[in-house]
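Each chain gets a letter, A, B, C, D, E, F, G, H, I and J, in the order it is written, and its residues are counted from 1.
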Amino acid sequence: MGIIGSTIKPFTATAFQEGKDFFDVSDSDVKGDWAVFFFYPADFTFVCPTELEDLAEQYETLKGMGVEVYGVSTDTHFSHKAWHDTSDKISKIKFPMLGDQLHTLSNNFGVLREEMGLADRATFVVDPDGVIQIMEITCEGVGRNAKELVRKIKAAQYVRNNPGQVCPAKWEEGSETLAPSLDLVGKI
Amino acid sequence: MGIIGSTIKPFTATAFQEGKDFFDVSDSDVKGDWAVFFFYPADFTFVCPTELEDLAEQYETLKGMGVEVYGVSTDTHFSHKAWHDTSDKISKIKFPMLGDQLHTLSNNFGVLREEMGLADRATFVVDPDGVIQIMEITCEGVGRNAKELVRKIKAAQYVRNNPGQVCPAKWEEGSETLAPSLDLVGKI
Amino acid sequence: MGIIGSTIKPFTATAFQEGKDFFDVSDSDVKGDWAVFFFYPADFTFVCPTELEDLAEQYETLKGMGVEVYGVSTDTHFSHKAWHDTSDKISKIKFPMLGDQLHTLSNNFGVLREEMGLADRATFVVDPDGVIQIMEITCEGVGRNAKELVRKIKAAQYVRNNPGQVCPAKWEEGSETLAPSLDLVGKI
Amino acid sequence: MGIIGSTIKPFTATAFQEGKDFFDVSDSDVKGDWAVFFFYPADFTFVCPTELEDLAEQYETLKGMGVEVYGVSTDTHFSHKAWHDTSDKISKIKFPMLGDQLHTLSNNFGVLREEMGLADRATFVVDPDGVIQIMEITCEGVGRNAKELVRKIKAAQYVRNNPGQVCPAKWEEGSETLAPSLDLVGKI
Amino acid sequence: MGIIGSTIKPFTATAFQEGKDFFDVSDSDVKGDWAVFFFYPADFTFVCPTELEDLAEQYETLKGMGVEVYGVSTDTHFSHKAWHDTSDKISKIKFPMLGDQLHTLSNNFGVLREEMGLADRATFVVDPDGVIQIMEITCEGVGRNAKELVRKIKAAQYVRNNPGQVCPAKWEEGSETLAPSLDLVGKI
Amino acid sequence: MGIIGSTIKPFTATAFQEGKDFFDVSDSDVKGDWAVFFFYPADFTFVCPTELEDLAEQYETLKGMGVEVYGVSTDTHFSHKAWHDTSDKISKIKFPMLGDQLHTLSNNFGVLREEMGLADRATFVVDPDGVIQIMEITCEGVGRNAKELVRKIKAAQYVRNNPGQVCPAKWEEGSETLAPSLDLVGKI
Amino acid sequence: MGIIGSTIKPFTATAFQEGKDFFDVSDSDVKGDWAVFFFYPADFTFVCPTELEDLAEQYETLKGMGVEVYGVSTDTHFSHKAWHDTSDKISKIKFPMLGDQLHTLSNNFGVLREEMGLADRATFVVDPDGVIQIMEITCEGVGRNAKELVRKIKAAQYVRNNPGQVCPAKWEEGSETLAPSLDLVGKI
Amino acid sequence: MGIIGSTIKPFTATAFQEGKDFFDVSDSDVKGDWAVFFFYPADFTFVCPTELEDLAEQYETLKGMGVEVYGVSTDTHFSHKAWHDTSDKISKIKFPMLGDQLHTLSNNFGVLREEMGLADRATFVVDPDGVIQIMEITCEGVGRNAKELVRKIKAAQYVRNNPGQVCPAKWEEGSETLAPSLDLVGKI
Amino acid sequence: MGIIGSTIKPFTATAFQEGKDFFDVSDSDVKGDWAVFFFYPADFTFVCPTELEDLAEQYETLKGMGVEVYGVSTDTHFSHKAWHDTSDKISKIKFPMLGDQLHTLSNNFGVLREEMGLADRATFVVDPDGVIQIMEITCEGVGRNAKELVRKIKAAQYVRNNPGQVCPAKWEEGSETLAPSLDLVGKI
Amino acid sequence: MGIIGSTIKPFTATAFQEGKDFFDVSDSDVKGDWAVFFFYPADFTFVCPTELEDLAEQYETLKGMGVEVYGVSTDTHFSHKAWHDTSDKISKIKFPMLGDQLHTLSNNFGVLREEMGLADRATFVVDPDGVIQIMEITCEGVGRNAKELVRKIKAAQYVRNNPGQVCPAKWEEGSETLAPSLDLVGKI
């Protein structure tokens, strides 16, 4: 029932990505690497391009960390391409953009605004086993922050790679971590 | 069905707050002001106190913004008091801590780890109408960041107070905002 | 159960129309005049613009006959505007284009291709009482013919305005009609 | 759920055809060639004979294209023969006329006017796999146009025989077609 | 559950009757007089016309007894008229012929051959209260006998008009009847 | 659902027949020969004995045609014997009389007057396959006619023995029959 | 659920009684006086007449005690009369005999042998309130004893008329009775 | 559904019998011999001991006939023993007394007074096949008669041992019996 | 769902109490005073009398504390009286003994051993509001201790009469109690 | 349905025990030895520590009798450790304390106060087969008595080890026991 710790559900969607022919992406393609699903309401609108541009600027860093990024809205892949062709900000995007006109992904992740047919402004971080580890949603009009996203993914990767260690509040790469034990109970 | 935009469900919980006798808090007490529900797994454990301390340090700022904060775990108010009495970090907390041994709040917000009887590491921002506007969950071992939380609440308050304006990605108080219009469609 | 003779179901959709701000259209706006609902699969694709252009060329005639035209796909009104801004053929369209990203209209008229989230290439003629009188669907890759549509609407209007008269096969405006009677039974 | 793209349902009906004894036709007889099911309300009535005559005049052309035609009403095969024996127009018909007094075909294709026990004025084009590709219905009193039907069947046959090609609006045999590709997205 | 003694169910059907325009007949039109419903399989077939002619010859007698006759098949009223126009035997019929292409009457009286869409060769005598008093069905190929029908209707009318009297086997008008009483028990 | 053409349902009943000990009759005993089930309301009553006597007089003829006759009421076989012992008319009966105090036969043939526990005045002719071919019911007080019954059974036997032949209205043994064919359609 | 102490269920049955015309008896006719319902399997059979004769001999006594007697079998009232007319033993019966061919009474009292359509050999004594006070059933072939029945009815009447008194085993009219009290507990 | 002719249902109960340790009795112990189940309301009460004493006096006779007797109430076997130890009348009982505090037997035989938790004053005679052949119930305050019970069991044993013979009303051992036959129908 | 804190369910039972006639006790009689329901398996058995005697010795003390005592088994009140009359230990009992042969009380309190029809060895203390405050059950063969019961009832009465006070472990009348407060949290 | 005699249900819980790392306890760990489950409402509260201390003082005795003890509340094992670290009374406890924040044990034993999320003050004694033999619950504010608990466990162990013996009321180790037999019925 909880979102964190659940495995992503099956889906297939057609993707637009700069420099490639349209191609299909499914849940099995996603597994094996870390992934970010970055939902936004609609092509050709307002806050979305600033968030997508902010994320585009972190894409190289994320790729270096082994993280793929998927932009998702309920528009088609045709529409994604047309937007990419005509918008300065969007043309900077190098990651795949998935057409979710079937609402499968938006429903799978529980972020479809059902009365509008549009997705929430929602981010999900999925580990190489296809398990959701981090999520965030902001209301209409409130932009996300790609750097904070990078910080949290680094912490999640650190915890996965260092069993027995946990990252305290506002942890940054290189800072100290904690090793829980019976003796620490009630002592922090 | 979506979380963002939904109204908080009815609840009553007993609170411990420094300097007061135990008292009850219900959903109707929450409405009228902005509120943060800050869930964590268990008293006397490890990441939780660093996050609670981090949040405690922003409490004055948040109160200044008209935001109340509620710490929540599935421990009792007796346990919260005992922890507050004996932990250096926790003793800094001035905000109320709710006893959720009935699991009502954890279930209401969908963050109960059912096989463990403990809550996720989850944050919810609720506006004065009792509507959830922002949420975030991180997996076990990944600490949150109270400053980023403050940034997002400021943006949400700005949007609520300035109809027709939206805040772009990583917006900070005082930065520029956007005013959506037909002419902007496809132009950002 | 039959489509012909049934009344259109309730809907609300946001429309883009050249020279206007976005506006909502509902089933009650449609009633009172003759209307054509002209479904097509997706903005920015291939057969659709030729059909929409063909229909755009008959729009003045149809308006003269008291018929409003609605283009419909499962794209948003944002996408419709962006397409209108950037395509030569589409920029000729003067009639409203409805955003059906909620799939309400496509489902109401039974023309949603459920496995794709796109509408069929389907035309419906609705009389001033909101009753469907004529329909046509062609498979993917087969373009419709706006002049034949005009012919059929003229016949339907003639029959509505001349009770007791019917229009024979391939009837054109001004040709002879028939007046059914007992004596004609078995005599044609 | 959609009609276009669905396979015809099982049926058996007794046919009258000039120069033959009565014989049975079933869905398996239909498959293997293109077919037109041409529904009309009732033998011995008014618009029907003009439409049937119009279609009879295209029958040789359609046979040349590999298309069989089935006239269908809820009358019996006895009644079809009696009408053929006594009507000038109907006596021109060379294609089989199916007796649908059981309402099986009218229900299968969704065109039974349930309160009357009569079929709509409906046309269905079925490909050699038994899949419906084109359909059309007009209200009572509005005659169809056999030539437009021939045009659409030709386009459907062209698309089936030339994968990767599509026929634009009002396409006629010999005219140009389109080949969809990524580069054409948003360019027509 | 029993047929005899049950009241006829609601129906409306369109009738053809020589010398009149088409008109509707319903169950309420039937009540008030004695009526015969004379079902047969199909217009333009074989045994049916001999039975209809046999009945047509008794029609004057039956009208004299206050009995209306309704011929019924699953053909339309259009077909009935066409048959009447073209058959010597059928042209003798003066009583109304009901079009039951909706199968309402055939189902109401339980005589629809469901796998064929045709009615049984069945006769029902209905009294002025709409109650079925006499019925008869013969298999395909066995013709009925209108004189025997007249004999039975006379007996039924006698019984209705002479309470306390019953008609013995093969009773003919004017023969002796019986008056049941306690003393007759076991004495006949 | 239709009675004509249906196979008789399973039953077992105890029979009284002059000159024999009581014996059981079941549906399997009936098959193999033609049979008449002759229902009547009650032993020791009024119309029944005249009908039973009328039928008794045709019993030799019917036996000569290979037809067995079963009298049936809801009385017991004890009662049938007692009536046969004490009534002049009934003592003429040579055919078996079935005791239907269980109401099985009356229910099987749909002729139980449920509010009275008595059978209708109903006749059923069953062919050697156990299939009902002819039926007749008259209301209380109207006697049947055994000679007309013989006429109809002869016709049914003729049709069964002469495939492709049918007997017209009021056909008597030796009269002409009809052979249906395409050419006869609409010609009688 | 228990039989003793339950009220008789509604019924209406037609009765034969010597010297009267047939008449109806219902549950409301029964109430107000004591009554015996004396069921037996069938008219014209073997043990039944000896039991009915035995009861007939006690009828005057029972009438003197204010008790009506009803003979009941699943035969009709016609059959009861015919039996009374022709049997020496049965002709002695002065009490009413009810026709239960509908099986209502046999079912109401739970004594229908369902596989035979005949009643058990069962006796029920009903008090003036319609409540069953005594019952007895014997298997096929075992005759009852009317004198023992009279003894039990006398005891039941005594108990009803003398509250606080009970009749010990094999009590006869005039013998001692008992008055239960606390002191008698465990003392008899 | 009928009681007479039904087989006793499974049960196990603990029995007290003079001179033995407590022991269990089940339905399978009962079969093989004739048995009487003699229900009574309660130990230590009033009519019951007179009936039990009356039956105790017939126990030797019944044993001689091969009949076992079981006294049954909803008291425990402890209570039965205590009563036997302290009551003059009850101490005469030699047959087993079953403890039915579970209400199994009272429910099995349908004689539980549900609002009181006590059994009716009911007697059942069961043959060696476990089939109930005779039953009797009297209301509160009316004692049974053990001699009449012996008479009926003798008749039932006679009928079982002499197939084709039946015992008339008030038959006593040694009296005449009847042999039913066709010739006797209606002759007694 | 919990037993402690629930209100006793409705019941009516007949009681035996030394020196009184039998009388009924219901749940409404119980309310208003403290009560003990003391269940035991069966009259005339083994551990039960020692426990009942032990309780009988505390009865005066309990009455002095305002507590009524009810002995309960699934025996009848007749059996209770008989036991009281004949047993030395039981004859000491002055409190009422309820007959629960209907199993109502045993079921209400959840202590019926369903496979035996006997109650557990269970004690329930009910306060004047009819609410269960204390309960205890021991297995077969383990006797209870009436003095410990008195101790616990005294504590429960103290708590009821002194709001804000609680009785620590093994508290005896007159010992110290505790007054819970925020300051005591975690301090005991 | 009854608690006594039922087997404990499956569970797994994390335990804190002095001198050990946290470890899991399940139902299968419990079986094989006698066990006490000692429920109490909450860590850091008032009556609980006095009861836990009282039990801690009997722990050595109980261990000597082969009895393990489990303290249980709906707090976590983290909270149990923190309480043990900081309370004088609780630090005396040597037995394991189970964390039941999932409410599994409280529900399994039927002692969850559902409206509070806390357990009753309840004790259960479980034998080596996992079967509950003794139970006790007191209301809020009434402390239990560990010595009486020891007495009852000794009796239960005696009964288990000495088949055929039972312990009377307030039995102490070494006192006399009883051996039930037929002769003792009604004699104690």
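Going forward, a residue touches a chain if its C-beta (ideal position, glycine included) is under 8 Å from a C-beta of that chain, and two chains touch if they have at least 3 such contacts.
All of these numbers come straight from a predicted model, not from anything done at the bench.
Spelling it out: a chain qualifies if it touches chain B and also touches chain C; which chains qualify?
Under the touch definition, chain B and chain C have A as mutual neighbours.
Between chain pairs E-G and I-J, which one is joined by a greater number of C-beta pairs in contact?
I-J
Kindly point out which of I-J, C-E or C-D repeats the B-C interface, defined as over half of the contact pairs being the same residue numbers.
C-E
Whole-Å distance, chain D centre to chain E centre, using C-alpha means?
Computed from C-alpha means, the inter-chain centre distance equals 40 Å.
Between chain A and chain D, what's the gap in Å when you average each chain's C-alpha atoms?
51
Taking each chain's centre as its mean C-alpha position, how far apart are chain G and chain J in Å?
The separation of the two C-alpha centroids amounts to 65 Å.
What are the residue numbers in chain D that touch two or more other chains?
Touching at least two other chains: 44-45, 78, 81-83, 86, 185-186.
Check the chains against each other and report every pair that touches.
Chain-chain contacts present: A-B, A-C, A-D, A-J, B-C, B-I, B-J, C-D, C-E, D-E, D-F, E-F, E-G, F-G, F-H, G-H, G-I, H-I, H-J, I-J.
Going by the contact rule set out above, which residues of chain C touch chain E in the complex?
By the definition above, chain C touches chain E via 182, 185-186.
Using the touch definition from the top, list the residues of chain C that touch chain A in their complex.
Residue list for chain C touching chain A: 42-45, 74-76, 78-79, 81-83, 86, 101-103, 115-118.
Applying the document's contact rule, which stretches of chain H touch chain J when the two form their complex?
These residues of chain H touch chain J: 21-22, 78, 81-82, 85.
With touch defined as at the start, can you tell me which chain E residues reach chain F in the complex?
Its residues touching chain F are 1-5, 44-47, 49-51, 53-55, 83, 86-87, 89, 110-114, 120, 122, 133-148, 151-152, 155-156, 159, 165-171, 178, 180, 184-188.
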